[in-house]
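Here it is, the structure, as structure tokens.
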Amino acid sequence: MSPEIFFQTLINGLFTGGIYALVSIGLTLIYGVMVIVNFAHGEFLTLGIYIAYWAFTLLGLDPYLSIPVAIILVGLLGAMIQRGLVQQVLDAHPLNQIILLVGVSTLLMGLMQFFFGAEPKTMHVSYETEVIKLFGLRMAIPRLIAFLASMFVSVGLYGFLKYTRLGKAIRAVSQSRQAAKLVGVNVNYIYMLTFAIGTAITAVAGVLLSPNHRMIPTMGQTYSVIAFVVVVLGTMGNFMGAFLGGLIIGVVEAYAGFYLGGDVKIIASMMIFILILLFKPSGLFGRQGT
Amino acid sequence: MTTVTSSRELPMYNRVVRRLFGSWDQTQLTFSFGLVLLMAISPLIIRSPYYIGVIILASLYAFIGISWNIVAGFTGQLLIAHIIFLGLGGYTTIVLLNNFGISPWFGILMGGVIAAIAGGIVALITLRYGLKLDYFALFTIALLVAMRTLFLKWEFVGGAVGMYLRLETPSVAKMIFASKLPYLYISLILLAAGVIIQYLIYRSKMGKYFIAIREDEAAAAALGVNTTLYKTLAVMIGTALAGVGGGFYVIYVTYIDPTGIYNLGVNAEIVMASPIIGGLGSLIGPLLGALVNKPIAEIIRANLAEARSGITLIVYGLFLIASIMFMPRGLAGLIHNVYDRLRTPTHQEEL
Amino acid sequence: MALLEVKNITKRFGGLYAVRSLSLEVDPGQIVALIGPNGAGKTTAFNVISGYYRADEGNVYFNQREITNLRPDQICSLGLVRTFQVVRPFQGISVLDNVMVGAYARTFDSKIAREKALEVLKFLDMHKIADQMASGLPIASRKRLEIARALATDPQMILLDETMAGLRPTETEEVIAMVRKLSERGIAILLVEHVMKVVMSLAEKVLVLHHGELIAQGTPAEVVRNQQVIEAYLGEADVAG
């Protein structure tokens, strides 16, 4: 492998990894606070991408301008789903939680298939083929923007969690529901907010993916699975772990794709997943913590 | 409520009623056989092959539901991607038939064997490495994705195209029939066997141990339950039945492909929906659930143009959500409440 | 010959010693109490003896047979069964079914298991609630169920973990009577207790644990007068009369 290809693959991997990081941060945030694995997580990414598609084809809105739309719409939906459904099963048997979320996932896929059809769709923006050359490496503009945006959002969310009052409340709940209650945090509100943030972030990832990306209603499933891998790898509930894990998996996949071919590269992530689950299920960062 | 008058003092009618409906378990068994019988005589009333086909699939879904019920319902194991084993059974059967000319009568059983072995391996791996709850669920999903990828690339089993049953002249040996009726009866025999096996397990030591593990594994261990052994048994039995179900499924629908079978949406529909709607952990749940959800799904699918697809997914999604939110014990749970009310002391003399 | 022999077991969590070089003996049919302030390591000791924790050092023998680090279910089949501090009934099934799980430890036959379970329930005066769902039981009944289940495994010895916690005085009396009944059947009992009244009225021998170490043992009367024991407990706000 020539150094040029090495670095090109690395860059491609990082760009993909940025998206994975964003999706995984959302998932790990939800897990860290509510101790529930959002089995419907990928569907919120799909929602994001379809929102971008809809805004683009109907209103001519550039996808990046759809980001606030996606955040609001999906955030609200996430909040409703949490308040209405997830809240009721927080203390139920994990099997019930999983089934509920699988039901939500199936329903969302069905709704998107109903409104947008099962055939693949693609959205073509004017700048999709534009490429910038940096340090001799080719970077597609939409992918570069997606990467930068996901970095920006990740850092922003990190700052929010670390420095704002609300963010600290969220972290408090993730550490101890009881203790947070004792110091006056409205735990149920935090649950709703966290789920809204987690799903909204994922939808943003979807919007960032939208330029020239093949969209089908079931595409979220793959991202769900990858997010599971990343979150377990980076330790469930660990923000930094999800962030770094996302980038790592993106890079690993890129190299796997180079050697094995694009359609089976996911097997590399699956192998990693299985190995982690067997040998270090607590992930790279050992114990839980946001 | 446990005070009992000697059976010999009661008139014949009361003895029969007690035998059939004396306990909730027995009641479920009686109803199950009643439903199987109804399905068996349905061709007398229903002539359309289309509707017979719905019944065939409903009974098959019930059988597969039973297989998952043993693992997830009785033993509480979060084996989400159960369809892996259905797929393995199906592929085994069709490969044996197409490539080696082996009759599905044997091939279906082999499908069960292969699936059971795979299930045993999965169980032992997860137990050896202590994968619990969510991690176990995620592991099975990872396996599903891995299987799909592998089968997509594996030419021997047809790769992405999958495998098709060579449709030849009808032959009993090859389980190819012109009419749907033989398929119906094979399916019903499988279902009846499943009902009996499920019942026997439920009433046995193994069944009680399964339930104990589901309710509280640590407490079960303290009482002498070898949890590793019994969890593995539960998985192997469930996956064996799933493999058999998969074998019959492929013979009936005549083809199988990786994306179609190693698929969480299909898993939700074929494996999970029936037991959940009917009542996970109960005896009659899978059967009841299948008989409710399959016909409803078919009616919806038939009445709304397939072009606006996604309706099936919407329906199943709503089913699953509604079950968890409003009927966690499923239809069987509702009927159980009615049954209990009928059995309160004022009606004791009837029994 | 002692039924249960614990020799120098040590259990560490990180750098912290939960139990340190603990040795004790229980003879067949004897009732022994293990007491000590909160955090003394009593439940940890139970967990090591019954196979839930691995001992870092030391050995446990039951009927002269080494059971150190065997699985809990193996230990149960050898005749040593435990209950849990926070009771763990099998919620979704009836009282009878709960006890049958215990009875199946000795048989594969459903009829025999059922008869055994009914016999145990009758013995403990619980047969009237045999068909009730375990989830609907009040706390005192759940504690009795815990004991009934353990009894159904036909043990030679039961480890009772803080059975009296959270019970009213009348309920405590009932459970004390129940424990005496178990003893009459020849079953040895090692109980962890906080409630001194129970210890005084039941135990033939008392062991006092403090910071994971045995600081005194003897008859209840002797132990209560022991200076070290008094000092250990003075750190505690509760020493119930």
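All chains are identified by letter, namely A, B and C, in their written order; residue positions are counted from 1 within each chain.
Heads up, the rule we're going with is that contacts are C-beta pairs under 8 Å (C-beta built on N, C-alpha and C of every residue); 3 or more make two chains touch, one makes a residue touch a chain.
These numbers were taken from a predicted model, which means no experiment stands behind them.
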Can the chain contact pattern be summarised as a line, a ring, a star, a complete graph, or none of these (other)?
line
By raw count of C-beta pairs in contact, what's the busiest chain pair here?
A-B
Among all other chains, pick the one whose mean CA position is farthest from the mean CA position of subunit C.
A
With chain centres taken as the means of their Cα atoms, state the distance from subunit B to subunit C in Å.
41
Can you compute the centre-to-centre distance for subunit A and subunit B, using the mean CA position of each chain? Integer Å is fine.
34
Cα-centroid distance, subunit A relative to subunit C, in whole angstrom
49
Set of subunit A residues in contact with two or more other chains
none
Given the complex, residues on subunit A that touch subunit B span 37, 85, 88-89, 92-96, 98-100, 102-115, 117-118, 217-218, 221-222, 225, 228-229, 232, 263-264, 266-267, 270-271, 273-274, 277-279, 281
Can you list the residues on subunit C that touch subunit B in the complex?
50-52, 71-74, 76-77, 81-84, 88-93, 97, 100-102, 104-105, 107-108, 110, 113, 127, 130-131, 149-150, 153
Okay, in this complex, where on subunit B does subunit A touch?
72, 76, 78, 80, 125, 129-131, 133-135, 137-139, 141-143, 145-146, 149-150, 152-153, 264-265, 268, 272, 276, 280, 307-321, 323-325, 328
Would you pull the subunit B residues touching subunit C in the complex into a rising list?
1-2, 203-205, 208-209, 211-212, 214-216, 218-227, 281
